[in-house]
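In the two complexes that follow, subunit A is the common piece, with subunit B as its partner first and subunit C second.
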Partner chain A sequence: MTTADWTAILPALCLITAAIAVVGADLWLKGRQIMLLAIISAIGASGALGLLIAHLRLDDGVHVAFGGALVMDHLAALLGVGVTVATLLVLFMSTTDVRRRHIGFGEYFGTLLLGAAGMLLLLGSNDFITMFVSVEILSISMYVLTGVTRRNPRSNEAAVKYLVSGAFASAFLLMGMAYLYGVTGSIRLDQIGAALSTGTTSPMLIVGFGLLLVGFAFKIGAAPFHMWLPDVYEGAPTSTTAFMAVAVKAAAFGALVRILMVAGVGRSDLWAWPLWGMAAGTMVIGNLMAAQQTSVKRMLAFSSIAHTGYGLVALSTMRAPYGSFASEGASAALFYVFAYTFMTLGAFAFLIYLGHEVPVAGRLETEWQDAEHLDDFAGIARRRPWAALAMTILLISLGGFPPTVGFVGKFWLFKSAVDQGHYALAILGVITSLVSLFYYLRVVVVMFMKDPIHTDEKTHWTIGAVVAFATVATLAIGIWPDAFLDAARKATDELSAPKAVATAPAPTDAAPQVALTPLP
Partner chain B sequence: MTPYLLLSAALFSIGTFGVIARRNILIMLMALELMLNGANIALVAFARMHAAANPDGTSTAAIGQVFVLVVMAVAAGEVAVGLAIVISLWRTRRTVDTNDLQMLNG
Partner chain C sequence: MSSLLWLIPALPLFGFLINGTVGKRLPKPLVGAIAIAGPAIGFILAIFAFLQVHEGAGALATYASWISTGPLKVGAGLQVDALSAVMVLNVTGVGSLIHLYSYGYMVDDAGFARFMAYLNLFMTSMLILVMGDSLPLLFVGWEGVGLCSYLLIGFWFDDLANVDAGRKAFIVNRVGDFAFLMGMFALFALAGTLGYSGLEAALGHADTAAVLTAGPFAGFTVGSVLTFAAASLFIGATGKSAQIPLYIWLPDAMAGPTPVSALIHAATMVTAGVYMVGRLDFVFIQAPAVLTAMVLVASATALLSGAIAFSQNDIKKVLAYSTVSQLGFMFAGMATTFWASGLFHVLTHAFFKALLFLGAGAVIHALHHEQDIRKMGGLRKDLPLVFGVFLIGSLALAGVPPFAGFWSKDEILGNVLYTALEGGNPIWFLSFGMLVLTALMTAFYTTRLVVLTFFGEPADPNRHPHTPPWQMMVPLYVLAVLSVVGGFALASPLEHFTEPVWSHLHVNEEMFHHAHQVALATSLVAVVLGIGSAWWLYSSGRARLEAFVDGPGHLIHKLSLNKFYVDEIYEWTVVKPTQFGADLLFWLVDRLLIDRIVVEGSGQLALALGAILRRGQTGALSIGTFAITGGTLAVLGVLLYLGVAHV
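For the complex of A and B:
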């Protein structure tokens, strides 16, 4: 293995090693010593985070590894930082949450780390085999994490729904990949991009790209392929939901950006208008449905659909109405997805923070219940003013107010839309953002103005610390966003630089442009 | 070439229909396998086509077949986890029918 190979795969290897170590140690410890397992996991995740930050700081170009199967560039590193930070925060709060829910520690931490490893691989994957396998690694891990509270019927139901829709999406992805391989004769994104930019058009190409987009739309939860998402987010244990909402979305978005900018760059006619439609539909549906929810957890699920829509706005505006191409939109989308990590993770952590115990019907035990309903938030500000303030900041950021990171992100999104002449999308985005303020601020009103209904929440400092960290990050990146904006811009510059990938060890076979001829 | 692609498209469509129309989760999982196998047949057929188109460039053709092997392994893993999830659903709910999955209002 060359240095580039190690650079590209080492962050994922850290996580995988830690996962194996955790599962193995759990075997010896037989379910005791949760802190030891948590520390092993945290060491692995911190190692990955350190390597990714080192790559961002060193800034030594694109590393192409394994004959072009995997790359390490700014896209992989920036969103990888988001994913590993989310992993660390979820690990930190699950030391409390896992114990309360009577989940096995070893399998929870191990699956979480493997899922995160799949995400890092997906962010760096540059060919279809790597991409498909890493999508499956992360998806299968998430199915398990969704159903990890095995005795909870809601969690089981969510896991089944996620499994069926997720596998359905994977099949679409695979079929799209197969057709693109058929048309271009290659599975490497850069070679496919070169083959497509000659302007071939065949029905198979259109169908293939369409299937690929449908598969990704399922994974990121874009309308009209979002039906599974609210149910799954609602039924999964909240720490899993938080992880799904931020890390899975970041990884799938990163992979989509890479496909569009490397394989689809010359053919924005194939994907720009479908994405435009999805972006508009997703923003409208996500926000309108979120406004009708009384369960805050479900409201946050729909709001995550809405935020997917904002990200898609930026991607679809890479192609201007008159056909020119600009990569600004992609960097706005990358920054937004990165920024979204902190505010959403914090908001979901707040639901766990206010959790309480409820008796199980027919048994002499209690089970853990997170604050999900609006009533659970009533009057929180009187008893826990700091926590309520933190949640207010997170919600304001989700709604897109300054001085938070949500505002900076949305500003760049809509700026890229206006710059490229997509006024309709920009206006729709601003209007739906105003709608979103209604349901975000409703939670704030309930927290500050209503009389308390429950007072039996059992807070724990680990979860409070996660909320606090997310809030501080939301404010800090909102006030000093430059470093992250630069990284996002560099990511798209690297992707659109024609020769980013050509520095790879040259493949022995050039991508042939093969016409569809009948077999002898 | 065309017959293989038609077969693959037919398998994929039958699978898609099965996932959408059937209500039994086990049958839905089988339909998902059909979809993946449809894609596999397309991959193998394309690999053969590219091999015939440029006889000396072996690796482009072989990659399709490698892809199929990888997909088979992944599909096996997915079904293993899927069946485990279905079993744990059966233990708490005594059903494998999606019409009964109404706890999450969606």
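For the complex of A and C:
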């Protein structure tokens, strides 16, 4: 019962330790020595990344720890790699970016690392307590990071909006967990799954599960729970936006997949249709709204909503219209979320790369401003052909063209939908992807065919390196996706294998006190 | 040697990569050296390969598996047997000379490095074409030389006419390529393989009467499929090797720089079709109907283009139509199944036609890019050395003994006559007649060309021709020697050398001998008549010529001058209807349906819908939370309906 398998928690511990060290050191250094803090943070994140990669490479099965509260499996490791890579890239950018935005180094790095730790824990969490605590760790970190540029009113507004909407979602989430616990007497996902799959018609159980779905639909930005997302993404400093768009989404998607595959596996007849509706609505709203934007940052925010919709296509079509259940869709969604990390992070980083200083009204100082408007991209290809090429590759990957990873991912998503007979959703996905080409390629057109408007961008090699890394990864995984496809497949295989969680000592009775046995 | 075979096509590729990327920044002599080194070293290697084949051991090397899908397995392999060895020697030998010549001819051109890079790429493609051990590899080379031909015809791309000529060559060749692919598919359907050795093993002695039971040709006999394949392949060859009906691109291809005309459009690329027929002899020999069609097409092409060459005034155009005409001779030689005679003419023609083109290039170069022979005249005194070699080339082309062209042309005429006598088929007699007439015309227009260019008085007394540099003269001397001795020195060795590739038919020795004697006599009479009449007409000023053109020769002159209106016929039967159809599709399908309705329409729709949605996205928190609440209720409602009420 008290198996302390440290494999499951060690990556998160690395990040937490580094976060504490950074915050402590910052007190000592009083806002100097940004590189030292960055190096400490990077060591922590690299340690976590190394452990996660080792888990994937060694392929040593499912680790269940702390009485089934936390697991380490392919799902947690694969998306964990995505999260930690994103963390490292954002850290790398931040060494320049934080200074330019006059943000406190220690608090920024510490909060970032804690947020990442929350994500790793969420990916591995297998019961409601762990899950809720992880959600809150990452959410609160994100609220802070959104408002971290304290003097910027947009950033403040976004943080408040995020906090209030997030509170709503957390409330739904918690309420759902409470209902489920109240009926089943358990907080463990597998035991909830057992209770659900008996074919129950208990309204409390179903409502509880529904509220759980709503909570995570909010986190991944699925329509109609997406309203907060564009404003928050737009208002937050772009490095935070990039982190949110990839890491938070990966963690929340991972948790959603785990909930569906472990707790909801027996009742796909229940959740398939609400998710179907969300998928359709999210694709349509995300893409149509993105096409309306003239701010590239806001466009990418809506595009992030649209991509959530594609992921939901695969999840909702795991159940065929009349019948069988196939886990292929979950694999496709996991791979897509992982793949999405690189192209989106790269695209947001490109906005920072082309940023410039603007004078602040009424004061002598200047303020850092990322390239957000379409005009900021005009004629970039003339001055910076390689950067424009990189952004083009990232955008066509977002649009789903070969030979990029975006194509492989989208192909697999829609293929899994078609294989299950969900033609309508697949067709809608293709049509909305077509719309997406309009707004992705508009940026390319502006970069290559318009005359420059600004020429005062202050590029820095650290940001450029992140764009380059993301571009290369987008191409490389697009050309050699096999290892990651396998990992995604293995992740869902482990989730659907009955012994995956059964290796943990399962409580024999469903009394609440059994599941609430104190953790080690 | 086998292990080094890959170097032969790889060396020019290396030159292409260097000159094609950084050539512009390298000093010109270095660019030239790099470009010439590839074919020159290749030539030395080819000699070794040749000697190895001569000792009876073919060279064969397979490097990797190239395509492997289902039953189709194609290796990336090279093969040098007697046929390939001769072709490789020809390509690298003449190629090296022309590379050297190009240095002198093009060194002052702004695109010098690009030119040399294209030439190298052409060498690589041509060598893959003749050395590949399977039809797909031949096709790689086939398309590669086509690409290089296109690039080099349009080399001076600031002139629209050159670009159009390049496009014409490319498009006309695509028609042939389609047929070529069909032939290839048919052979694959029959044999299940595309390697030469596999094809020959499967089809070499096929039971032509057997009826196929499966595959795309089920219900047809093997013989009919072989005929279809051979016919398709020959149509493919009419594109690349400029025969009726697809010869029309070659005269226009003279828009390219003159060394290109010599290398690609005379000595090497245009003989690819002849090579292909010789390579697939076992297919063609089982399709006698195609061979008869081939001799008819070939001799008609020879006659038609010979007649057009009569009255052309552009020195290169005369040589271009002459090339088409001589290619007809080569195909006629192949059609007799005395394959060696066709290959022999490929070789001798490479020598003297390259010589003539390069000589013409020297004249053009000396006269500052003047190509109209009416504006030349009297160059005998200004450029005596060029005159000397050009005369040798002309004698060889006209078929005067003992120059090279005489031997190979005579052999082909003899073989055609023999086949006609043996089979008694009137088509073969007709073809023989047309070929003899062509021989007469060849002698005529060659004489006319020499007389107008080098004899008489200068058209412009103030001109100052400059002497070509040594890089241009050395290749001319070498080719001149080959044009003198290439005929009698190679005639019988070539036949023996290629015996392993082409097994001989049973020949009625007496009839064969007889046919060749008759052919010899006829062709000699034809040559004398041709030279004599041309000399009579052109050597003594314009009066006699004008009297002829206005009088008895009016019709033939007009037809010849207008190239028998073939281009116009194509314009009205093929080009215009195609353009009309394309315009229709463009305006109706592309502009209206796709652009207006599908693309713009759907875009407008998406934007309009988005504009409506946008009204909801005000950023106000209350709307967001309202949406969350509403969404939650909707989700719960659906779940409860499905899970509770619906059960």
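Basically, the second predicted complex is superposed on the first by the 500 of 520 C-alpha atoms of A that agree within 3 Å, B and C clash if a C-alpha of one lies under 4 Å from a C-alpha of the other, contacts with A are read in each partner's own complex, and residues count from 1 in each chain.
Assume a residue touches a chain if its C-beta (ideal position, glycine included) is under 8 Å from a C-beta of that chain, and two chains touch if they have at least 3 such contacts.
Predicted, not measured: the structure shown is a model, and the values here were computed from it.
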Which of subunit B and subunit C A:P385 touches, first, second, both or neither: neither
First, second, both or neither for A:G277, with subunit B first and subunit C second: second
Touched partner set for A:L213, first subunit B, second subunit C, both or neither: second
Which superposed partner A:P359 touches (first subunit B, second subunit C, both, neither): neither
Subunit B versus subunit C as contact partner of A:F438, first or second or both or neither: second
Contact breadth on subunit A, by residue count: subunit C or subunit B: B
Touched partner set for A:P230, first subunit B, second subunit C, both or neither: both
Contacts of A:V164 with subunit B and subunit C, given as first, second, both or neither: both
Partner chain(s) touched by A:Y179 [first = subunit B, second = subunit C, both, neither]: first
Touched partner set for A:L288, first subunit B, second subunit C, both or neither: second
Residues of subunit A at both interfaces, subunit B in one complex, subunit C in the other: 161, 164, 168, 227, 230-231
In the complex with subunit A, residue positions of subunit C that touch it: 602-603, 606-607, 609-611, 613-614, 617, 619, 621, 623-625, 627-628, 630-632, 634-636, 638-640, 642-644, 647
Touching residues on subunit B, where the partner in the complex is subunit A: 1-2, 8, 12, 15-16, 19, 25, 28-29, 32, 35-36, 38-39, 42-43, 45-46, 48-50, 52-54, 57-60, 63-64, 66-67, 70-71, 74, 77-78, 81-82, 85-86, 88-89, 91-93, 98, 101, 103-104, 106
Complex contact set, residues of subunit A against subunit B: 128-129, 132-133, 136, 139-140, 143-144, 147, 150-154, 156-161, 163-164, 167-168, 170-171, 174-175, 177-179, 181-182, 185-187, 227, 230-231, 234-235, 507-509, 511-512, 514-520
Footprint of subunit C on subunit A - complex, ascending: 161, 164-165, 168-169, 172, 200-201, 203, 206-207, 209-211, 213-214, 217-218, 223-225, 227-228, 230-231, 267, 269-271, 273-274, 277-278, 284-285, 287-289, 291-292, 434-435, 438
